[in-house]
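Take a look at these structures.
Okay, so chain A shows up in both of these, paired with chain B first and chain C after.
Our next item is the complex of A and B:
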């Protein structure tokens, strides 16, 4: 159990490629932190620096009170779960779990107790004599988890551990990882590019983009108040609708000239307006009340079972927006719709920097 | 190399778990036609000479080619009971053991080090592989130059340490020169295989090991080395065959075709007895014995490689 502190950590690769540009995060003891972002955002590099598999160019990483910059991975008291499991192919499952403990000179009885206990928790007891190649993907994943658990480390580091599993197993293992982490109370850093995984697992999300932190916060906080257009479009599925608008007298209008009645003008020339698909309501005619009213034409209705999504645009060939409606709504292509958005559900971003304007 | 190749191909199939591609031919003659060149080569360059060797091992040939007499197993009895044959067989054993161990060991060390080189890795590796392109007699010649009695740098160097090397005169000094030249010639082949073996070990497995184990030395013996074992075993067989059979050129150049009392291997003795001593029958008997050795080695290789665990 330990806190992990990253203090303006930078990583510059040969050829002056800056992968991580001065990231600072304070991770509390027992917290589950998820680093999320598109590929190339520096999230894996950051995790590998915590593990000690990558050199830190500048800045400090502390695990507990100790600065670990120059400490060997084996001495950092961390355990890592790799994307491709990285099990030792020539060792039995038992020895895969026991290897790290043996190397620390732990006595056999204690090793046996820990391995059996972890195998019990993960339900891999009956495979202990098998070699990894005789296991399925899900079982290998459990062995990889077991190898992390037996060490009883100060922190778990997960590097996209579920991305090699099929969709069904992924959901199952996601739930299990969360349950396990809650039960053990071990500080965890988890890297993923999957925003759903990030939302469901994290105590706090760290959204990374191009080596910088875009936003840190609880998942629902990030979802409700995205700090930038990047976060707005990355977190949530389908993504938030982002519309480029410009000021026109007292109101706003789309770049194409279509007016947005009821928009709240904030004294600038250009904005990006963000509206989540679930926050638009189909209304009859120009209904009263505050908020933005949008006039659109339906392009496609996409039923997904529990709900349906309408893809609609303001004018032919113009920007398309996604609207979430109930699963039984019927809206044929070509139908004109009026959509209403409550003012508290309209997000404003600076057109130039993409940062949120409150 | 030729002898071990089929085993290698087999091993690769096991590793990747590939299914053989099946092709159907309309006429049954086509596959035989396609196989014909290979079969012809095997027949002309292997089966026929081998059969000829087996036949003449049972005959006493007249040295001037006037006739031959059937002598049954006499040639084999003479060969096996001669003290000289025992001496040569023992030397071949020691020679093979040392050449195999030293060339594998040196190549593994170089490969492990080369695997860690980050800057200029490719030119470094190319330099190490260069020797591979040198023909065995040329390797022997370079060896001769290095071990030359008057100008050889190795001779001069060990003389500083008080060892006066006399190649071609002293039995052990000559053996030493042969072993050094043979090892030097074989290192690049082993190096290439070991290096590709090392590079096929998953990087994340090595990283997982670095989290699990502090000592790099221990990590090498518990993770890297076992994962290299299939490569190592394959190379072991290759190297034994190399040391026993393919060092002929090096030995010939070191001895300058004047064997005298100097060490020779069994293969070289076949040549000496047959073509210098004109004892074709005895020489054939020896080569039949060697064929049996190759046969046994091949069986061991096939059986063990098949049983051997291959990691995916």
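Our next item is the complex of A and C:
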């Protein structure tokens, strides 16, 4: 158990490519941190620097009180779970788990105790004699996690561990990882590009973009108050609707045309307005009142079971928005709808910088 | 489709005919006595002396000094074949390991230098090679027979390609598990390379077994003769009016073919696995 501190960590690759641009994060003891972002945002590089697989160009990484910049991965007291599992194909499951302990010169009885214990926790006890190739994807993932658990490290590092699993198994393992991390209370850093995985697992999310931190915060905080249009469009599915607006008298209207009117909302040029799909309500006719009113035409209705999504636009070929409605709502294509958004659910961003304006 | 299959078979059969006929002829001839062979040439039937030439050739001391028999030559050939193959595998694996996993200056340049030695087969550098081995006093020793031959660009190339296909995460997982370079090599890389090792072993064993020029140069002491060069020795002994022992020469030729055939037949599934499959 330990805290992990990243202090203005930078990574510059040969050819002056800056993958990580001065990132600072304080990770509390026992906390589950998820680094999330699109591919190439530097999240994996960051994780690999914590693991010691990648050198740090400048800055410090501390695990506990110790600066680990120049310490070998094996001596950092961390364990890592890889996307492709990276199990030793010629070793039995038992030996896969035991290998790291043997290398540390642990005695046989202790190794056996730890392997059995981890196998019990992960329910892989009956596979201990098998080779990895005789296991299914989910079982391999458990073995990979077992290899991390037996080490009883100060921190777990997960590098997209679920991306090679099918959708159903992914959900199941996601729950399991969370349960396990809670039970063991081990500080964990988890890298993923899947915002749903990030939301469900994290104590705190770190949204990365282009080597910079966009936002750090609890998942629901990030969801409710995205710090930028990037975070707004990345966290949440379907993504937040982002519309460029300009001032119109006391209210505002769409830059690209009409169809949106705001009353009792801030009006200024150079705004981007963000509205989550679930915060729009279908109303009858021109219901006045506070908030934003949108006049749209339905393009497609997409039922997904528990809910349905309407894809609609203000005018032909114009920007499209997504609206969540109840699962049994009937809205044929071409239907004209009036949508209402309460003022507290409207997010404002600077159109230039993309930063949030409160 | 049907006709295509028939023509396929005809082509294959023709290939088999060309490959096997000389061997069959050698075998049939070896069952006749030397006089018959000398008078009428190669034989197309089974002769009356059966397999006795094989016993003779393995046990009777022959050659110029009468000190070497088939068994000794067989032993020498096996030492050469195994030493050659194992030596090549060890050297080329270590070379490929260094090239793939260690960042040292001009690593790929080093690899291409090694690769270019393919352009310099033994025949090209035979005089300087002999000079060095002779100066080192390694003439008429097993090490002189084997060591100068074990550098292998082909082996290095194959292992390099194989190592490049091993996922990096395996190395990283091992590093986090506390395995240093040497432990990673022995504990992880060698075991996962075993089908590759088997494939290269077969190729190299047969290659080493069939060496002719180098053993001819480097061993003048008959007790170091290998089977392949020993065949010639039997035919070379012309003492007075004595007819060369053609039957024994044929028997020895057949015997010299057997071990490589056995190795290939026994290990062929490994061989194909090693060259085709990648189980990582």
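Note that in this section the second predicted complex is superposed on the first by the 350 of 358 C-alpha atoms of A that agree within 3 Å, B and C clash if a C-alpha of one lies under 4 Å from a C-alpha of the other, contacts with A are read in each partner's own complex, and residues count from 1 in each chain.
Note that a contact is a pair of C-beta atoms (placed from the backbone, for glycine too) under 8 Å apart; a residue touches a chain by one contact, two chains touch by 3 or more.
Since the model is a prediction, treat every value here as computed from it, not as a measurement.
Applying the stated clash criterion after superposition on chain A shows that chain B and chain C collide.
Applying the stated contact rule after C-alpha superposition, one finds that A:309 touches neither chain B nor chain C. In the superposition on chain A, contact of A:53 is made with both chain B and chain C. Legend: residue contacts after superposition of the two complexes on their common chain; A:84 is shown touching both chain B and chain C.
Of the two partner chains, both chain B and chain C are touched by A:100. Note: residues 51-53, 72-74, 78-80, 82-84, 86-90, 99-100, 103, 133, 147 of chain A belong to the chain B contact set and to the chain C contact set alike, using the contact criterion stated above.
Chain B makes touch with chain A in their complex at residues 202, 204-205, 207-215, 218, 222-223, 226-227, 229, 309, 311-312.
On chain C, the positions that touch chain A within their shared complex are 167, 169-170, 172-179, 183, 187-188, 191-192, 194, 279-280. Interface of chain A with chain C (complex): residues 51-53, 72-74, 78-80, 82-84, 86-91, 99-100, 103-104, 133, 147.
Across the interface of their complex, chain B is touched by residues 51-53, 72-76, 78-80, 82-84, 86-90, 99-100, 103, 131, 133, 147 of chain A.
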